[in-house]
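Structures incoming, each one as structure tokens.
Two complexes follow with chain A in common, the first pairing it with chain B and the second with chain C.
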Partner chain A sequence: MTDTTSSPQGESAGPARRPLTISPHLAKRYARERLFRTLGLASVATAGLILLVLVGSIVSKGYSAFWLHHVDLTIEFSVDELNPDGGPIEMETLQKANYLGLVRDALKREFPDAASDRRERRKLYGLVSPNADIMLRNMVLNDPSLVGTTQTVSFKMSDDMDTFAKGFIDRDLPESDRRVTDAEIKWHDHFEAEGRVHVAFNIDFFTKGDSREPEEAGIYGALIGSILTLTVTLLVSFPVGVMAAVYLEEFAPKNRFTDLIEVNINNLAAVPSIVFGLLGLAVFLNFFGLPRSAPLAGGLVLALMTLPTIIIASRSALKAVPPSIREAALGLGASPLQVVTHHVLPLAMPGILTGTIIGMAQALGETAPLLMIGMVAFIVDVPQGFTDPATVLPVQVYIWADSPERAFVEKTSAAIMVLLGFLVLMNAIAVLLRKRFERRW
Partner chain B sequence: MTNTSVTTPDVDVAAKPPSVEQLANRYTKIESRDVNVYYGEKHALKHVDLDVYQNEVTALIGPSGCGKSTFLRCLNRMNDVIDICRVTGRIALDEHDIYDPSLDVVQLRARVGMVFQKPNPFPKSIYDNISYGPRIHGLAHGKAELDEIVQKSLERAGLWKEVSDRLDQPGTGLSGGQQQRLCIARAIAVNPEVILMDEPCSALDPIATARIEELIDELRENFTIVIVTHSMQQAARVSQRTAFFHLGDLVEVGETEAIFTNPEDSRTQGYITGRFG
Partner chain C sequence: MTFSFGKVVAIAALGVVAMTAQAEARDQIRIVGSSTVFPFATVVAENFGKTTGFKTPVIESTGSGGGLKLFCQGVGTEHPDMTNASRRIKKSEVELCAENGVTDITEIKIGFDGIVLANSKSSDTFKLSRAQIFLALAKEVPVDGKLVANPYTNWSQIDASLPDTEIEVLGPPPTSGTRDAFVELVMEEGAEEIPFLKDLKKSDKNKFKQVFGSMREDGKFIEAGENDNLIVQKLEANPSALGIFGFSFLDQNADKVHGSVIEGNSPTFDAIAGGSYPVSRSLYFYIKNAHVGVIPGMKEYVAEFTSEKAAGQEGYLTDKGLIPLPTADLESYRSAGENLTNLSL
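Showing the complex of A and B:
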């Protein structure tokens, strides 16, 4: 090859030139590259599609939970009913009065023929939410002058009626196969025809805790529970995790003992989360006597679970800080602590925050360890502090998904939407924080 | 260096040799006796006796892995951060042993500054880069004094004119040569007595190198400088004394002129004429 004179093109002047045409080998190489790119693009597209289907199905199922049908009824706040004993109207008598009777009277007036049959009467009373009387009582207690007047009051429909009004129950099915009876449909159509059914934004969903009645159930209690629990988790796991990572990475001597610790931290990251729940039950509840079902205990358990993630991520972020920065600071006479706090930690902070947010996102979605410490409970009250009984968003999803009422199906999806929204918000904050720290680099 | 057959070195010695008077009044700033360094089992530096004189530039030359950087890093105890590194022998700064357990290593590094091979400014503003040292050592009282230190240090490093209007910009945005001068200014800002330079020009182009070399010669007025270099021309140009290391041994040390024109040891001769290394 090198001897040009003996080559076939020996007559041409100068050394043999290589042809500029693409050799088959090169073509193969390009083909392989194109294939690789196509596969990569296909993977991204698949992931995107799956995400789209997931979010799409959740949203399409859940959006209706944000709306609720109400029906207008004419309520006579009759003195006889509210103050049967006569005499001056006291707050106390108003408190104890039979408001349910008012609602029932109104419905009976509306449909006199239904009142004869006991079973049908019960169905009729079930048109509106069972908590209608509480609503009336609050109205009257707020404004006692209502007594003796007749008012048009808007009531939440009961869950089955609401579901029917939303069109999720097929009216063409035989009566035995559907949740609502023919009579109920008739009543609904009556109200509908008179224009007394209207849709309103379900504000209670965002302001109330859980309830047995789907139309009364809200996500707020679980949301607050999640916020409180994650606050505990963050406050415990972030400082402890970062300190552990800094010590292991920057100060600890490299010997067998620290190697052992490192291996164990890595192992902890792979421990099933339910095991952390059992640990929390044994240690936090049984030994330290922390309150059951409380965000404090839940947060601590989740902190245990999050710690390995934060430590591992922080260590790799610290490792990624170039040693030349440490040398520069040391060479200027900075103490090891100053090197870490002035230079290494700020530079590692974006990576540490990324790890923390991954850990927190995991903690937000975790249900299994909370099973063990009693956070899977039906809790109506919105928690006021770290020691109040509480539940968290994923647990709420689980509880609702497990409930038999049809109306909880949309609630479940809506709760998932709130959970995802919370997650996105958390990530957005992390990205913002990271951007701030990165600017200093 | 291209002509290896010539036995006499073709390196021109440009640095001003010390005058007779200076030679007589030489003050030993750093004195090292029987210094040994071990990296684990490896004996990296063997029985080194080397004196560094005040207000002079001492160049450490030798092939890669000969221990010259290791020795340099002993002088401000930067080797401490390496777990497996062990130093024996005596190194004294102004006749005080720097490996004395009672000595504060932070204080030592404030007195013995260091400039590294790769420019390593902090990812902060130029101002913060310079003011960091004075701040942690409490050298300045108030903003005005700090400003003054920053300006003076940059002036002495010959960088003031280039960056005076953008002190708030990140130091990492400067060119390589400017970054290295920034690092020198940062070292000067702490007002050290000795400046150690570990191949400060190896990552720079010839023009930036010439600029730094000039600077080193100016800095000699106020500081004692020890420089590790791979370039023999550079050693010849900037230093008064040169020490040649080989495989962990200090082979020869003496006046730069003497080392380059009339080396005593055959290994030194072989190295400076480019036969190995």
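Showing the complex of A and C:
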């Protein structure tokens, strides 16, 4: 016996006393153990490597979406253009003024040669984002004293120029093979040489809704949509799921009927999510008349989908509470309801919360059931409430991935990063809650 | 007890919400329909929302057929106001609409979309005829006066002028409007150029339909899903493969892929606009006239879509890859939109 232990005495006396017949067998056992450990380590390493490749490819494609190139233009806020009728300047005139003309004039002044050819002129106007005029209008409306002055204003570059400035378009390719023409490269180099091109954090990505112009598109609308939808899901599925689990686990008689319910719940957990979407379309939209594309309807559909997960997780958490706790409480005169609410539920809460958050995380990533109820849509306005049209983060990823413009590739990856960040946050909350409530006995 | 109580609460809450939701009038245009028109309609919607005081319309990408089905469900704020389509409305759909009380529909044609057969820039451009494409992709082809399962594995077996590489074509699934258009514009036309099938068309129309409508299922034609970006990526990785997708994706990826020459014409902007490139289709949207005046902004949206600065020869939609209508046609559709001219098939 002593020869296999690691105690110093055993080791010193060991080899001499070990029967010779055991050692080959022992070596084999050690070898097997080593092999098993290596295989285990290898599988962990493989999983880690795959995760690394996945995250690495997303980050390497998407990191560039967090900044944009801007170009400084000298804008003359000319009185003739902004207040053509003369007289005192009124807000209404400023509202309707031709701001696009200001931007175009500035570009024409910069490159007078390009302004002659129609096609080239269009390209020239396309150097800056199509929203440049809206930006100028807001500037002037905020500060009417700008009228009549000349200012240097920083504009977002259009998506193609931004992609070029980021170095994703090879300037050595023949002109027909790239999205930017020789003239555009020349213009870009002119600005670059004068130090008027600069990089800025893409704040709009986090504060705006969707857009068909990649440089204007933001994730905020989808993020709010996801939050609204998940709020509805949580408010419906958590109470219903926990109540169902408590009843089934603590109160329901064990008979064929409750067995049937249990089997059905387990089966529901495996039903493809698109089926819940069809159900939602038939019940919530067609029967109850909920508005299409609304977080309310989406949240209810996702709640149906998450319910089985929550019920199953809650039941196993309740099952894990030792019977001695219940018996002790009953023995001290607590009613069955008091046993559950005072003792069993608090003890089971960490497990229930973990299950709920896993269910929520699943719901966060769903697009299929939302397709049926109209949440896979192009929505510019950021939703203000539960009945406004909204979309969710994974749908935004899907829509951007499907867009022809090249600059949406980086947006897609950036949206995935936001989605993953949201997921990590939710899981972190789950871990935190578990740590906070966990009790050992 | 607890379980049923929870359910009752949930259902009661639902009922209350449902009633309040229905009482609310809608002040935002809702559009459904084709995924091909989606990239164009969304740009118009965004510009419309930006430049007018109206809310930005909500646009869903449901496919042409799915969109028309939703559109024809009835009149009322719970139904969409317009639908986009990458093909013309069918007679059966007009009848379905009429059954549900949607009798006044205005048709607007917005432009053309070319369907291209493209491959990676690292290999040579293909020069194909529609008959050759049919022979490469149909499930059954005529050999020695008999229909047999497609025996061709390499392009050179179809015609000696084609390269000696394996046939491998990535295309859209049957649910896609692009697939419908491809079958109609390439497979059907190609089949008609083959004398044996031309005779078959005369003797057995249904069989003919089945022959040109069935793509081969032995791995030479691969359904690559609705995502055209994915097809472009796969073509880049696999230089011997061809892919089928819309012109706007070729336009955006000119550095990675090039379009095959079909019947002697390259898929360029001018060739599609001029009608010499044979594989192009018209894009439409349909207006539910009964909703005009009920949902604010519908007329203005139509005016924006048919305006010179959107769908004109130099409009912003051409930047997104739409092939514009001839000016006269655009004008006639613009006035149709203003007067809500009823659709006539």
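Assume the second predicted complex is superposed on the first by the 413 of 441 C-alpha atoms of A that agree within 3 Å, B and C clash if a C-alpha of one lies under 4 Å from a C-alpha of the other, contacts with A are read in each partner's own complex, and residues count from 1 in each chain.
Criterion: a contact is a pair of C-beta atoms (placed from the backbone, for glycine too) under 8 Å apart; a residue touches a chain by one contact, two chains touch by 3 or more.
The model shown is predicted, which means the values in this text are computed figures rather than measured ones.
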Clash or fit, chain B versus chain C on superposed chain A: fit
Touched partner set for A:403, first chain B, second chain C, both or neither: second
Touched partner set for A:380, first chain B, second chain C, both or neither: second
Touching partner for A:254 - first (chain B), second (chain C), both, neither: first
First, second, both or neither for A:433, with chain B first and chain C second: neither
Partner touching more residues of chain A, whether chain B or chain C: C
Touching partner for A:240 - first (chain B), second (chain C), both, neither: second
Angle at the Cα centre of chain A, taken between the Cα centres of chain B and chain C once the superposition is applied, in steps of 10 degrees: 130
Partner chain(s) touched by A:327 [first = chain B, second = chain C, both, neither]: first
Partner chain in contact with A:288 - chain B first, chain C second, else both or neither: second
Overlay on chain A, chain C to chain B nearest C-alpha distance, Å: 18
Contact residues common to both interfaces of chain A (with chain B and with chain C): none
Contacting residues of chain B [partner chain A, same complex]: 76, 78, 81, 83, 106-110, 113-114, 116, 118, 120-124, 132-133, 136-137, 183, 186-187, 190
Chain C residues touching chain A - in the complex, by the definition given at the top: 1-3, 5-7, 9-10, 14-15, 17-18, 21-22, 24, 26, 28, 30, 35, 38-39, 42-43, 45-46, 49-50, 55-56, 58-61, 78, 121, 226-229, 246, 248-249, 251-255, 314, 316, 319-321
Chain A residues within the chain B interface of the complex: 253-254, 322, 324-335, 338, 342-343, 347, 440-441
For the chain A and chain C complex, residues of the former touching the latter: 118, 122, 126, 130-131, 134, 169-170, 173, 176-179, 211-213, 236, 239-240, 243-244, 246-248, 251, 284, 288-294, 296, 300, 374, 376-381, 387, 389, 399, 401-406, 409
